[in-house]
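Labels run A, B, C and D following the written order; every chain starts at residue 1.
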Amino acid sequence: MEAFLNQLPIGLSIGAVLLLIALGLTFTFGQMGVINMAHGEFIMAGAYTAYLLQDLTGRMAVIVALPVAFLVAGLMGLILERAAIRHFYGRPLDTLLLTWGVSLVLQQLARDLFGAPNVQVQAPTWLQGGIASLPYNRLFIFGLAVATVIGIWAYMNRTGAGRRMQAVMQNRQLAAVSGINTARVDQRTFFIGSGLAGVAGVALTLIGPVGPALGTYYIVDAFLVVVAGGLGQLRGAVIAAAGLGLLNSYAEFWSDASLAKVIVFAAIIAFLQFRPQGLFVLRSRALT
Amino acid sequence: MNLTRLKGPGLFAAVAVLALVVAPLVLEPFRLGLLAKYLCFAIVALGIGLAWGQGGMLVLGQGVFFGLGGYAMGMHLKLVDAQGDLPDFMIWSGVEQLPALWKPFANPVFALAMVVLGPMLIAAVLGLLVFRQRVRGAYFAILTQALAAAFVILLVGRQGLTGGTNGLTNFFDLFGQDLAADSTQRGLYFVVAIVTGLLYLGARQLVGSRFGRLLVAIRDGEDRVRFLGYDPARVKTVVFAISAGMAGLAGALFVPVVGIISPALLGVVPSLELVVAVAVGGRFALAGAILGAVVMGYAKTSFSEQFADGWLYLQGELFILVMTLAPKGILGLAASARDALARRPRRPTAPKPPPTDDASGRRVMEEVG
Amino acid sequence: MRKTAWCSVVAVAALAATLTACGGEAPANKDAAAASGGDGDIKVGILHSLSGTMAISEVTVRDAELLAIEEINAAGGVLGKKLVPVVEDGASDWPTFAEKATKLIRQDKVATTFGGWTSASRKAMLPVFERSKALLWYPVQYEGLESSPYIFYTGATTNQQIIPGLDYLKEQGKKKIFLVGSDYVFPRTANKIIKAYAAANDMEILGEEYTPLGHTEYSTLTNKVLQAKPDAVFNTLNGDSNVAFFKQLNSAGVTAEKMPVLSVSVAEEEVKGIGVDNIAGHPVAWNYYQTTENAANEKFVAAFKAKYGADKVTSDPMEAGYNAVYLWAEAVKKAGSVEVEAVRKAAGGIALDRPEGLVTIDGESQHMYKTARIGVIQPDGLIKEVWNSGEPIKPDPYLKGYPWASGLATG
Amino acid sequence: MSPIIEIRGLSVVFDGFRAIDGIDLTVEEGELRFLIGPNGAGKTTLVDVITGLTRPTTGEVVFDGRSLAGLREHSIVRLGVGRTFQTSVVFEELTVLENLDLAASFRRPLWSLTRRRRGISEAVADALETTGLRELADRPAGVLSHGQRQWLEIGMLLTQSPKLLLLDEPVAGMSKDERERTGELLTSVADDHTVIVIEHDMEFLRRYASQVTVLHEGKVLIEGSVDQVRDDPRVQEVYLGRKRGDAVSTGS
């Protein structure tokens, strides 16, 4: 029973990780229809940022790296958007393949720059230990996820740029004719979406390996969260991440890790039978 | 996209001669075996070309169907080799009795039927489920990708049943022929080449028919097709199942050619690589899919023989370049080059790449009324 | 229209540029191929994953093998001939291993091949070597239950690593064990042996959990382990999963004092990536450590660092790969020929002082006599030996010498 | 004459917005009915509901004596309801002929479509004739002008011999000549089909309409002949007056 109860916070903390890795995608995918397979490598970039900052800041690297990684990954995203993706709007499946190519190059680049073996990022000492079954570093990630969601919410609802972003997401043409510079909004969205990947990467150094393959471990899960949550939907992403986290944690608790993954996949297929567009849908009259 | 049709049967005959006469004479057995392997991938690519290039369904999980076909074949070969005993890997996995799932595969007819029907059935069920709910475009692509990931985990986790990560390997006998013999391998090459050719002709017949037109129409305007009284879900399911069947057949041919089937061949990355190959060859023409698979297969072999580390760079870069500069792939480039050489206004043989999925919805109807 | 044509030209040019650039990067092999033109050379194949997930581990083994070849050549080669390595990439993909093995044997006509890491890659190559009657030297500890006449196994089999590990835990009074492994052949087979051992030795297995390769979410598993309250964990996780597992275990407050985690796939190479903080104090089971004390090892470590960098570490599989080249060369010298059957016949009984101590080839099983060593990970990232088997253990891949294991290998 | 389509108590609510608010509408067989109304009146939504694209919140649509509730789009088409779209959607990669042929083949079983097309069926030939696109039969539809696309769409419908045609703003964005051609096409089609036309263009309305239904804010405002409707003060107010009002309100 105790173990069973313990799974609840564990499930939520898994959900927090899923949310962090998927949040950026929700917006780049939701607003621009870009399926960014290089998102995983932006996460990796965030993790390596923390690794590099260690030389300067020691064990505080994880904290200092949060804003820095946001900028680094965000800039990488911006460059990608400017250099390639903007030519691809309206061809989302092509962006998938394009960004996959980018992700291969970035992986190899990381291997050349940092070496193939994993590197270590030391966690701050005050993150050692925990309450009951929940380590402090999990709580930290949980808090970070909550803070990020609040930040995004505030950005989208309390700033002009955020409102423009929502407008473009809901109706690109209408937004464009209302005088919104959609290209600029796209850039900004891509910057933020990629930056969030960087933040997630920093958080992941606390619990997982930091190496060139880092991104590949998370990308499929991230997309599943987006699919289940609905495009561009903050609340959808939050609920989907929490739901999948809990499902994952209990499925693994009762069976094993392999089966849990299969169960989660089956659940998503079943779920899409009821809600083919994910939890929350932006209503639109668009038709193919 | 009519590039091949323009050149017509002549080109096809030339390629056939090259594949069936020249290649076996010129290539040493090892290289011929590699070519057979590329052609197995080409069959999968053909299915991808049909589903993606013609039908707009980006299938990122063809490895699953390749695997289903491959394992069906592998299970049969293992049972034949075991001669009534348990297959070797079951012994070291601690399985004491042949699992019920394996028993029917001792029958060659059943095994061969399952090679094609198994993948088609699974694709049909999955297709009906998702297409009826109008899951498409990126959603569909991601789901197929997740399917590949889940399938690999399932295969690996059921070691006693599937051989786990090792997969099935160490086959000796193919319908009474010694698999290690060069003559068997040569015969297999001919089988693979002929099957590839036949499937290509079949696929072309399909694409040229009304059904093919309907498929293109669904790719470019699925909802519009609905208002013509067709159910796109059915059409897409049929095509998805056909492409799955092709992948299954390719998997079954791959097993005796290469001598192994394992989860490493079926996951997210190998499935994506095949899509890449189709894009490189030219996704809007079936010939492009085959060409792409052979070219990329060859490139992978020769470049990784030369410089292993660079292969990822090259593959990634190649892909970025193809997507940004030559979305119609090698065939598209060939067509442009031919037109440029001919110095005449381009004929509308290769129209601009159509929107491949629901993005095209954006340009359509907004309510004004 | 014109724009498309222009784009095509750019694309072709860019591709060509890439290919040329790449061509320039690839001299090693071409030189090798050119050099092998002379009659005075012996070509040997080296087949490891240089790309993909396994590259992290296998590249270092390749480096060790190349070092051995270099040293042997510097000492005059074998039978007066120079060894020329032909390096191929298995790309972490088992069928590719089979394909490249075929290429090495049939096209390059190598005298022998050193290669493989995962069991899956070995199983994929096995039919190729058996049917071509060519030799493979496989340098990694594995799950046993195999003895191919065309493979020499220079890593440990189960009775030289798993069973000594269990003996050690038993000696330490750890009776309740939890099994954690990646979901593939080695961990599953190892755990079967462990369960049989436990049944015969009054130990209790509290749980057995597998996670997919590349899995990084270990909080649920940690919870399961903590609830079971074992005395020790026997860890057969592979690769990056170890990083996530140890990080998450450590942050859940598990220490080596309270609950030691004995790993059989964590060597010096991996410690850095896991983070010494997270793993220091936990035991591992191997046959060799960088700190193993003898003259041969001092020479090996120094040579390796000199060639590849002072920050490099040496580990068990690297040492086993390094040994493989020497053992093969010795067998060739004894046979007076590189011919496969002659080398096989000559190999039995060859004994060499290697960095891990005395290594003797068992002619019957083609495995090695090896000394088992348990080490504890130190705060500096190296591993200190705390226990050893005293003398080299005779390899017993089918565990025929262990009555309790009689049910395992029959079938 | 019997009603071909009856709409009873129909409402559609989008996230709290009542796009259609209790519409009752009956169209007799053989009729040519125009639906007009200012922006946001719910005209296209109404067509969407009839054709299954949008599900009604309440009420139902009975076509040819059969409720359409719960039917998918293609099933409704198979019952004999055809529609065009404001922005015409023809298949650009296919030729004009292939577009028409595809529409004409919709009742064939799927497997029979895998045979190659041989020749041109009668229905397709007729449609080519009626729409005047015979010259362009082998050109990809992508090269057609806007007007030609609309005609092609109507032609595609004709090959399916629907019992009811729904045309959504067929002349929007057309040149004067194109409107003329479309008008003629419409007249000839209306001879032997029941047609509902959504239209904005008053000039076009005056020339070709007989029965008109005016929608306003999701409700039926008035139904009658063109003259009746034109002279109705309420229509003038909502239709013309509101436009003036809009200008005022945006100015404030």
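Worth pointing out:
As a convention for this text, a contact is a pair of C-beta atoms (placed from the backbone, for glycine too) under 8 Å apart; a residue touches a chain by one contact, two chains touch by 3 or more.
Bear in mind the structure is a predicted one, so any value in this text is a computation, not a measurement.
Graph distance from chain A to chain C, where chains that touch are one step apart, equals 1. With respect to chain B, maximal separation of chain centres occurs for D (centres as means of Cα atoms). Across B-C and B-D, it is B-C that has more C-beta pairs touching. Between the Cα centres of chain B and chain C there is a gap of 34 Å.
Averaged Cα coordinates give chain C a centre that lies 72 Å from the centre of chain D.
Chain centres here are Cα means. That of chain B falls 42 Å from that of chain D.
Distance from the chain A centre to the chain B centre is 31 Å, each centre being the mean of its Cα atoms.
Along chain C, residues 183, 210, 212 each make contact with two or more other chains. Contact of a single residue of chain A with at least two other chains is seen at positions 111, 256, 258, 261, 287. The set of chain B residues touching two or more other chains comprises 153, 156-157, 221, 223-224, 309, 312-313, 317-318, 363-365, 367.
Contact residues on chain A toward chain C in their complex (touch as defined above): 2-3, 6-7, 10, 13-14, 17, 111, 116-123, 127-130, 133, 135-138, 206-211, 213, 216-218, 248-249, 252-253, 256-258, 260-261. Those residues of chain B that touch chain A in the complex are listed here as 52, 58, 126, 129-130, 133-135, 137-139, 141-143, 145-147, 149-150, 153-154, 156-157, 221-224, 268, 272, 275-276, 279, 309, 312-313, 315-320, 323-324, 327, 353, 355-367.
Only residues 28-30, 33-34, 37, 86, 90-94, 96, 153, 156-157, 159, 164-167, 169-171, 180, 258-260, 262, 264-265, 270, 301, 303-314, 317-318, 321-322, 325-326, 332-333, 336-337, 339-340, 345-346 of chain B touch chain C when the two sit together in their complex. The part of chain A that touches chain B in the complex is made up of residues 29, 33, 35, 84, 87-94, 96-98, 100-105, 107-108, 111-112, 172-174, 220, 223-224, 226-227, 256, 258-259, 261-262, 265-266, 268-269, 272-273, 276, 285-288.
Every residue of chain B that touches chain D in the complex is listed here, in rising order: 205-206, 208-211, 213-214, 216-217, 220-221, 223-224, 226-232, 234-235, 238, 348, 351, 354, 363-365, 367-369.
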